[in-house]
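Read from first to last, the chains carry the letters A, B, C, D, E and F; within each, the first residue is number 1.
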Amino acid sequence: MSGLTHFDGKGDAHMVDVSEKAVTTRVAIAAGYVKMSRETLETIIEGRAKKGDVLGVARLAGIMGAKKTSELIPLCHPLPITKVAVELSPDSDLPGIMIEATVKTTGQTGVEMEALTAVTTAALTLYDMVKAVDKSMVISDVRLILKEGGKSGRYEAK
Amino acid sequence: MSGLTHFDGKGDAHMVDVSEKAVTTRVAIAAGYVKMSRETLETIIEGRAKKGDVLGVARLAGIMGAKKTSELIPLCHPLPITKVAVELSPDSDLPGIMIEATVKTTGQTGVEMEALTAVTTAALTLYDMVKAVDKSMVISDVRLILKEGGKSGRYEAK
Amino acid sequence: MSGLTHFDGKGDAHMVDVSEKAVTTRVAIAAGYVKMSRETLETIIEGRAKKGDVLGVARLAGIMGAKKTSELIPLCHPLPITKVAVELSPDSDLPGIMIEATVKTTGQTGVEMEALTAVTTAALTLYDMVKAVDKSMVISDVRLILKEGGKSGRYEAK
Amino acid sequence: MSGLTHFDGKGDAHMVDVSEKAVTTRVAIAAGYVKMSRETLETIIEGRAKKGDVLGVARLAGIMGAKKTSELIPLCHPLPITKVAVELSPDSDLPGIMIEATVKTTGQTGVEMEALTAVTTAALTLYDMVKAVDKSMVISDVRLILKEGGKSGRYEAK
Amino acid sequence: MSGLTHFDGKGDAHMVDVSEKAVTTRVAIAAGYVKMSRETLETIIEGRAKKGDVLGVARLAGIMGAKKTSELIPLCHPLPITKVAVELSPDSDLPGIMIEATVKTTGQTGVEMEALTAVTTAALTLYDMVKAVDKSMVISDVRLILKEGGKSGRYEAK
Amino acid sequence: MSGLTHFDGKGDAHMVDVSEKAVTTRVAIAAGYVKMSRETLETIIEGRAKKGDVLGVARLAGIMGAKKTSELIPLCHPLPITKVAVELSPDSDLPGIMIEATVKTTGQTGVEMEALTAVTTAALTLYDMVKAVDKSMVISDVRLILKEGGKSGRYEAK
């Protein structure tokens, strides 16, 4: 297959051999958002001001989700993650919550999947906590923003 | 907080008590898609025709992801899932892959989160397998389509 | 062995057969505390007032820890937990943080271990978050407070 | 917050960036005990002499618990553990069982949490196996004894 | 496909819908063995007589492995296991160790996979503990011995 | 005990200290097979030709199983696996499916257990997917074929 490295010559899935790749510092940033009604967003923001920290719980779930990446994604290599940060920001234009995750490792392969998994896990957790008042929220635009380190070099989303 | 059941009277997060809820059959369907360039979609479709089954791997990951939901989402109840099906369909208009997951349980709470987690895990896996040829794919429009069973009744996305 | 039900007649460890036990509502409450210097306690309390919610993170870890009980304790049965609540209260007399966890299930065996695991996981997480300023904190007095439901009946700590 | 490194400038929890820290050999020793009645302790000791090895099961659970640390403690880094030993010794003065865990790694951050988690998991398992005869056992005095390696240097409990 | 229920009409893998199946008591017994040289078997037996309980560790791993079945086998349903027992018996004719696992549940599907997983996990653990003295051990004859309960009825190996 | 390194001087199980061992590239190959009736083998082969890819699902389960090794085998060290490949080949003489797994790491200890776990997990998954038509399949001859790297050097099965 043209370039699909997760399959061998016979087309069988395998976990790619990275043992010859250099151990370097690698970073990835992913983003996405949860869109919701203006009322739902206000409920979340008010909750934070007072108590009932939806964003705090979602952030923690995102961080822990990054650590579960190689369990969730079948052909992903286990990696010694050295940093995870997940930022959730209310955006009243959307309206909704913007999510951005940054993951670092010192390893033989990149952490794009870890950053993307942090974003989707934070988004799912946010949905879970708010679904009693709004089931129509939508998770969208989950994508890689930046990737640095490793042989394939730097990638930046346009 | 107005209706955010995952917080108690003091605003502290807790896992809601469902022990008095009836054990009934519950179903949830969630959907979403991975958008990509026309070339990338063709690579996936060709791979399937020949060998190198990206969609088969993503489907399996989605099914297994549904089983991990209560580990990923902090306040989610563990549930005896009785069915998971994940469908991935190429859509040349998008262009990309449409994903739909159906989950059933016979339990005391719903499986919305399990269906949504199946969709995002399948989408992430698809991204992982194809990212060597295209890093600009976007996961979007992940949402609940249908929910049946339980006290809060039927929900259908508009 | 006199009463050690986790061993069979030959003294070999096994997971006790509970298939004949009734499915009933069962509750367990466990408690414990993390003792620390007065300065450390003040750092935690101030953090909460402002931002940096040590207790919120520890509470969530306790709830998620309860769900991991049957993975951690070799002979523990997996159980469909129906409620988990973890309360962390600063106590300036100790000085330190009191922890209390309540767990419920509708199942064939009790949730004492789930409640105790919630307490120790919350305590360990609290230690982790504060250890940069104080490594001499001590986790103590982790014990079962109350157990209700099931054939062996009610237990209340003296 | 004064010194609470697990929060960023805004007070949001994150997994601290350790990618610039040196890869060195790091050791941690933690300890604690399970206090019980003299009769319960005798039941355990007799069981070992004959058959029904409570301490053997608890030791194994402690070792496996250390490997689960980064799953249990939200902001803990996953680490390639290179050694775990858990010692359980009956103490008739207590009366009860003393627990001591030693963990090593060659990594970018310490193994204090792994050693503490080994102790609490062994203690919880011991409780589980003996609770049919004694529910009033108490887990106490779980603390860090020694920590070596890494920039913050050596720590020894007084 | 003729009878392969894990695939739907289109040939796509899915987790079979068991939500209409009756909740009944189900039992499965699986067996297998680890074959080794006479010297290796003697090392294990001597170890048990003295100290260093290879069989005790393998038994516990088998019990815990049964609880991990639905994580390991992609299309397996999560089940509330109600009993696990694993028996390891030295057999000097083989020479080697015979392994037999019995698993029970009260659920909507059987526990054949749980019993088989208990056997292979115990066998792998035994291999791990003894491989420093003998790498040529072979795990063989892992099979289902008995299955009772559920619509498909009783199965007994010939 | 003569050579059983997983026990200390007192005969207590421990996770061996590998912190002084060199970080080198290590490879292990393990193999085994699932024996079945000629009819069952034909069902699998036909399924592949058409749709319903039993071998593809088993292969993926084997790869993911390798990543779970240190969770399943109590005294196994967690390792940064750098490659996993699992090959399943129909063998009409057996009749059945031959399984071979290759695992690589760059670490301080070998990957024999990872390769063996990949084989048994693939075999169990194969059994699970086909058991509706044939419960008498047998998993046999699971053994280490090759091991390279590390102080104990090369091992090749005779």
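We take it that a contact is a pair of C-beta atoms (placed from the backbone, for glycine too) under 8 Å apart; a residue touches a chain by one contact, two chains touch by 3 or more.
Quick caveat: nothing in here was measured; it's all calculated off a predicted structure.
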Chain-contact steps, minimal, separating chain C from chain A: 1
Given chain D and chain E, the chains that contact each of them: C, F
Same-residue or different-residue interface between chain C and chain E, half as cut-off: different
Selected from C-D, A-C or C-E, interface repeating B-F by over half of its contact pairs: A-C
Distance from chain F to chain E - Cα centre to Cα centre, in angstrom: 15
Cα-centroid distance, chain B relative to chain E, in whole angstrom: 31
Centroid spacing, where centroids are CA-atom means, of chain C and chain F in whole angstrom: 36
Residue numbers of chain A (touch at least two other chains): 12-13, 53, 56-57, 60, 64, 68, 71, 74-75, 78, 80
Each pair of chains that touches, named by its two labels: A-B, A-C, A-D, A-F, B-C, B-E, B-F, C-D, C-E, D-E, D-F, E-F
Contacting residues of chain C [partner chain A, same complex]: 53, 56-57, 60, 64
Of all residues in chain B, those that touch chain C in their complex: 8, 12-19, 70-71, 74-75, 77-80, 107-108
Footprint of chain F on chain E - complex, ascending: 1-7, 10-13, 32, 43, 46-47, 50-54, 57, 60-61, 64-65, 68, 71-76, 112-113, 116-117, 120-121, 123-125, 127-133, 135-144, 147, 155, 157-158
Touching residues (chain side chain E, partner chain C) in the complex: 25, 56, 59-60, 63-64, 66-68, 78, 80-87, 104-106
